[in-house]
Each structure stands twice: as structure tokens, then as C-alpha cells.
Amino acid sequence: MIGWLKGDVQHRDQKGSRNLVLIACGGVGYDVQLIERDWQAVSTDQRHEFWIHQVVSADNLQLFGFLQLAERDLFRELIQVSGVGPQAGLALLNACAYKELVTALVHSDLKTLCRAKGVGKRTAERLALELRTRLTDSVASTGPERNQLDPVAPDLIATLETLGFETHEIRDALQRLNGMGGPQDGDDDDAWLRACIKLMSSTDP
Amino acid sequence: MIGWLKGDVQHRDQKGSRNLVLIACGGVGYDVQLIERDWQAVSTDQRHEFWIHQVVSADNLQLFGFLQLAERDLFRELIQVSGVGPQAGLALLNACAYKELVTALVHSDLKTLCRAKGVGKRTAERLALELRTRLTDSVASTGPERNQLDPVAPDLIATLETLGFETHEIRDALQRLNGMGGPQDGDDDDAWLRACIKLMSSTDP
Amino acid sequence: MIGWLKGDVQHRDQKGSRNLVLIACGGVGYDVQLIERDWQAVSTDQRHEFWIHQVVSADNLQLFGFLQLAERDLFRELIQVSGVGPQAGLALLNACAYKELVTALVHSDLKTLCRAKGVGKRTAERLALELRTRLTDSVASTGPERNQLDPVAPDLIATLETLGFETHEIRDALQRLNGMGGPQDGDDDDAWLRACIKLMSSTDP
Amino acid sequence: MIGWLKGDVQHRDQKGSRNLVLIACGGVGYDVQLIERDWQAVSTDQRHEFWIHQVVSADNLQLFGFLQLAERDLFRELIQVSGVGPQAGLALLNACAYKELVTALVHSDLKTLCRAKGVGKRTAERLALELRTRLTDSVASTGPERNQLDPVAPDLIATLETLGFETHEIRDALQRLNGMGGPQDGDDDDAWLRACIKLMSSTDP
């Protein structure tokens, strides 16, 4: 129901491994749990916007907040995987930067996924299995504002932009990939997507 | 509990067949699912009013929004029919314009009802059976602001107005129906209502 | 959780015997069910204050609103009686004016209680049995702002004020009762309370 | 979900042993239960800020409010102990001042804990057992804004500040304790913490 909050960070707190803020919207303050890097990035008495995921259960109403929309949407995908609750979802986003996590999921890089607290090998496998397809499909078919501008492989570019890659990075990778005769393991969208990500991840600073 | 929201559309998104917006009211943003035509009609950063239906369950709080009050009220009737959940309710409203759907329900037009994704023949029959009476009763007995002005068959006119027909359309139909000696299958309110709808639907552009 | 709403009545509607309003507070509109006399007393696009009782269940969040605090508090007492849900509570308040209902409960006047839709003899008996004591106790021991001013029987006066009687009415009744040598059936608080209510109810216009 | 409310106290009421206020934030009024000393400290039509704990269950949404953040956080710890619900948590905070309650928990002072309505010997033992460690751990490891200023035993000082002791009080106690050759029962953090609390509690006016 609640998908976004904009207000003053009234209070910051850490309970065990949980990073908590209280966001005051009008006269109502909401307890929200953040990922570590977002918690470090916000300061009290400053106005911030968070993309929210609300978890409803019989005895609790919890809010999880993200400064980046893409990370909130990825969090929503992660916790749909059986055995992955909100805390494991946050642990995954705490253990890796956004692009690194997406790359690990798309490439079934279990070692990276297992860096997250509470994520063992079996959960990592299920994550990679379920999310690799869903992430690619959901990202490919329903990117929010389709990028109609670019004549070259618009869907592929839109998909990679939604994954957080910069447009210029994507174009360079596409050019180099074309120069190399395209992906080695096939010519469908999936193959181009994987090859582009691999190329951009290997050249990341 | 929540029946209406007025705010800026902060974000538009499509997840599979679901049309989603985030409506910011004060500092709180609400995730709301719309029907396709409403989703196409709204744009980000513009202020819109939605009539809302809130669905509460043990593990979820969902909001469904409608630009037209009559469509929100019809949606509420649709999902009271056993076997028809919110997604099937939206599918019915996506498959037909409002008047077309009401006409199909009042005339047990199963073919039209089955155009909706996830609505099979049996559900269509149950919809027609349960809603035809309820829709007519609930609309006939409790139209929100009774139209006291019109001397001729006020309740019938108010009922048809609430179903979305224009007053001038209704008056023409009544006159032609009177000219034809009234409805063929009886003289009670129900017969007049059905005959009027049939006449106005057959002459619709 | 929600105990009060102040906003514009955005929409009035009647669904069967239910009297509904939509109250817009900021950008959020709340569906609230009222008793008939309050529904008649409010008009759209006007600002009103309602004392609210929120009912939470696994599949619903409902709000019941009252223009008078005393009626909301009485409603809360009524629905604590086993077998009396919100609709029966509203039916009781619809069937009787506030003072009449309190008098009927304090005097176990089953005939009056059974006027309410959905309240049979057995429920009326349980209401009178449970509420007569609780109403008198809860009213006698915890009246919100104790009336410290009046030297004569302050608790009795405060109790009767909380039941909705005017101070001047109460003083007249007390004087006449003193003139008649006090209540016939005893001299404890309960007897004085019953005798006063009887006296004031018999002389009501 | 809701962790703080700021608004006008619209209404004060007492129902049995429960101290209730209605806090109006914008057009929405929230029913909140307070501890006795806070209820006495607030007056109607004045703006107050409350730290809130929200309790969600299948048939209820309750809000408990505290003028002091430390008391809300201690309340949250109390009600995590099995057998201690919100009413017993409030009873504990009603029976003792904040420091007195913390001291009783850290020193397993069952007599003081049993002063609270509804808290028997067994619950008092469980409270002392579970909370003494958790209170000390949670307070020692995650005090909200670590006090980086003080060169001398910063964690100990921050812990005692979070327990509500004044900085000057803590420094005096540390100096006297150093003068006495440190705590008698060991030299770890726990021993210093207990000894300081004992010293400051015995010298309290």
C-alpha cells in the first residue's frame, strides 16, 4: 500500500544489524529499515525521499526504504523467491552494489550471492534460477518508461538502463561486441544481454 | 477504509498485465493498481483524483483506483461475486467500456463477459445471475443523490443516470418506448429498465 | 487506532440500510459509516468532525463515525457485548435517541431495545445485564473531565452529565427528589442515579 | 510502522486503569495509550510529540505513546519478554521511574519489579534474566548517536547516557569509583556498568 515516503529523518538508530530511521511526514513518523549504504548517506533533520516496500503480516506492519527505485524493485523481486525474507533481501543488497548483485544473479555467481548474511548455497541457487529469468523477462517486457529514442536495439538498451548501466557504457559495449562478431553463445536477446553485462562488468573501475 | 486519493502521480509502471501508479498525498506515496484506460489517461507529475477500493488480507494491503466513481462502485459489486477476485474484476473493466459491461450483465451476455482475461463461462454465468438482480436492486433502491427534479419516472431516470447514461439519451429512449407501447416483456420497473438499456445500447455510436 | 476524523464530506451514499460518507483529510478519503440522524445532518463539501471507532479484522478495516463523542463511546460499550456487532450497535443508536437508549439499558427496558433491527429478546437481555452495570460503573468511575466545581453529590452530577443530561435538569431533579424524601428503593448511588433518570425521562418534552 | 506522532491532544480520557489521549495530526486523530505520568503531563489543545510503539494483531491496531524516547525503547524491550504484554509493560513503567526500573532489571531486584500490576515473581525473574543481558548488550553495542567526544571510556559513558543518567553524574561516579580502586566484582564492562549504576542510584536525591 505505501510505496514512497518523503519527510525529515527525525531519528537514526541501529539495533543489532538493523539500520533504522524514523521519517516524519506531516505529524506522523514512520519507522523504516534501510540498507547500510543508504543509512550512512542520510542525516537527521534533513528531508529525504525513500522508495518503500511495505510488508504486512498478522502481527506486524514493516516498512523497508531505498534511496534508489531500482534497488527497491530488485528487493521486491528478491523476497518473492521462496526462503528469502526481507532481512535476507536486505543482506543481499548490503553485501553487493546494485550492478554487482544483478550481474551475480544473471550469471549464477553463487560465490558472490553467498557473501550475504543468511544466504547459503541452496538459497543462492534458487535465487539465480528463479531471478535470472524473471529479472530479465520483467526488466525486458515492462521497463517503466520505454526509451523510444534510440534506433539501435531499443529494448536491449532500455533493459540495460533499467539494470542501472549508463547509456554511453551500453553503446560502447554494443559497438565492441559488434566488432567481436556478436555474442559467442547465440544471437537471441538473452545472449546479447548476458554478453553486454559481462563486457561492462569486466571493464568496471 | 481508504475510499479516495487525491495527489500527484509520482511514478507509472507496468508489471506484467498490471498497470500501477504511485500517488503522493502529502509525504506519503500509495501504490495503486488502475485499469488500462485510466493508466493511459494519467501522466506523471500531474494531480489526479481516484476513487479507491482497499483490499485487506492477512499478508497484504492493496489499493485499486478508478477515475470514475461508477466504475469503482461496479468493481465493488463484481468482486462480491464468488470466484471473482480483484484481478478478474479489473479484467472485466479492461475488456469492456462501463456501459457495455453493465449491459452485458443485465442481458446475461456471456460472450462479452468471457472476453475478460480469467473469466470463463461458469464465472460469467454466476456474474450475470448474481449481479443482474443486485445491480438493478442496489442501483434502483440506493442511487446516491436521488434526482428529484424529473416528474417522469424519477427512479427509472435516476437509475439509468447512475448507470452512466445521459439524461437526454434516457428521455429519447423513454419517448420512443412509450411510442412502441412500452416494453414487450412486462410493465414492471425491471422490464422498463431492460428495454431502455437495450434501446440505448443498440443506437450507441 | 484512528479515533477521530476532521475533513470535507466528499461523497454521501446509501447501500441498503447503510449510511456512508467519504471524508477527505488532506489527500486521503476515508469511507465511514454513520447513524441515520448524523447522515441526514451532514452535507457534501462541508467540513465536519467525527468521533471514530475503527474495527480491524483479518480481511477488513472499517470506520464508524459519530458527531457526538458520547454516542461513539456508547457504541464502543454496545459492541463489547457478545452477539452485538457494529451493525447491531448502529441499529440500536438508529432506533433510539442517546438518552432514550441509556435509559432503556439502565432500566432493562427490553421492548425499547428490541426496536433495533437485528436485536432480539435474548440479545436485549444480555445488553441490559452487561451494560447496566458496566455503563454505570464506567460512567461513574472514569468520566473524562471530572466536574470538581459542584459541592452537591459531584460524582452523581458528573455521571448524569456524561449520560447527556443538562446540569440544570439534574439539579431540578435532585431538588424534587430530595423533596420527595429521596429514592424509594434504597439510598446508594445506584438508587439515586435510577431515580434521577426516571424523573428526568418522565418530564422530558 | 508508526513510530512517532506530533499533534494536538484533542481529548483525554481514562477507562479503568488506562490513560488515553487522542492526538490530532492533520485531520486524523489517533487513539494512544500513555503511562500515568505522561498523561498527567499533557493537556488538551496543546501540541505534543510522542514516541510511539504500534501493536498489530488480527483484530486490533493499538498505539502506545511516550514523551521520552528512552522509555519507548525500554517498553519495546519489556514486551519482547514472553508473558509480558503491552499492559504489563506499561504497568512496569507506571510502577517505577525510568532509572529505577533499569536499575531493578540490571540488579534483578524482583521486589521492585513485582510492584507493577500484573507482574508476579516468575515474570519478574524472566524479565531480569532476559533483559539484564539484552538491555546491557543492546544498549552497549548500538546506542543511537555514539558520544565520540569523551576520551575516557566512551562506550561506558554512552551506555549510561542512554540509560538516562546525566553526563556530569557519570563522570563524578567514574572518578569516585576510580578512587575506590574500581568495581569490587571484576574489571569488565559489565562490572563497571553495574558499579556505576549502584553508586549513582544510592546518591540519587
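For clarity, chains are labelled A, B, C and D in written order, and residue numbers in each chain start from 1.
Rule of thumb we're sticking to: a contact is a pair of C-beta atoms (placed from the backbone, for glycine too) under 8 Å apart; a residue touches a chain by one contact, two chains touch by 3 or more.
Please read these numbers as outputs of a predicted model, since none were measured by experiment.
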Same or different contact residues where chain C meets its copy chain B, judged by the half mark: different
Centroid-based (C-alpha) most distant chain relative to chain D: B
Intercentroid distance (Cα basis), chain C paired with chain A, Å: 54
Interchain centroid distance [CA atoms averaged], chain A/chain D, Å: 38
Of all residues in chain A, the ones touching two or more other chains: 26, 54, 57-58
Complex contact set, residues of chain C against chain B: 10-16, 22, 24, 26-31, 54, 57-63
Footprint of chain C on chain B - complex, ascending: 1-7, 23, 25-26, 52, 54, 56-58, 69, 138, 141-142, 144-145
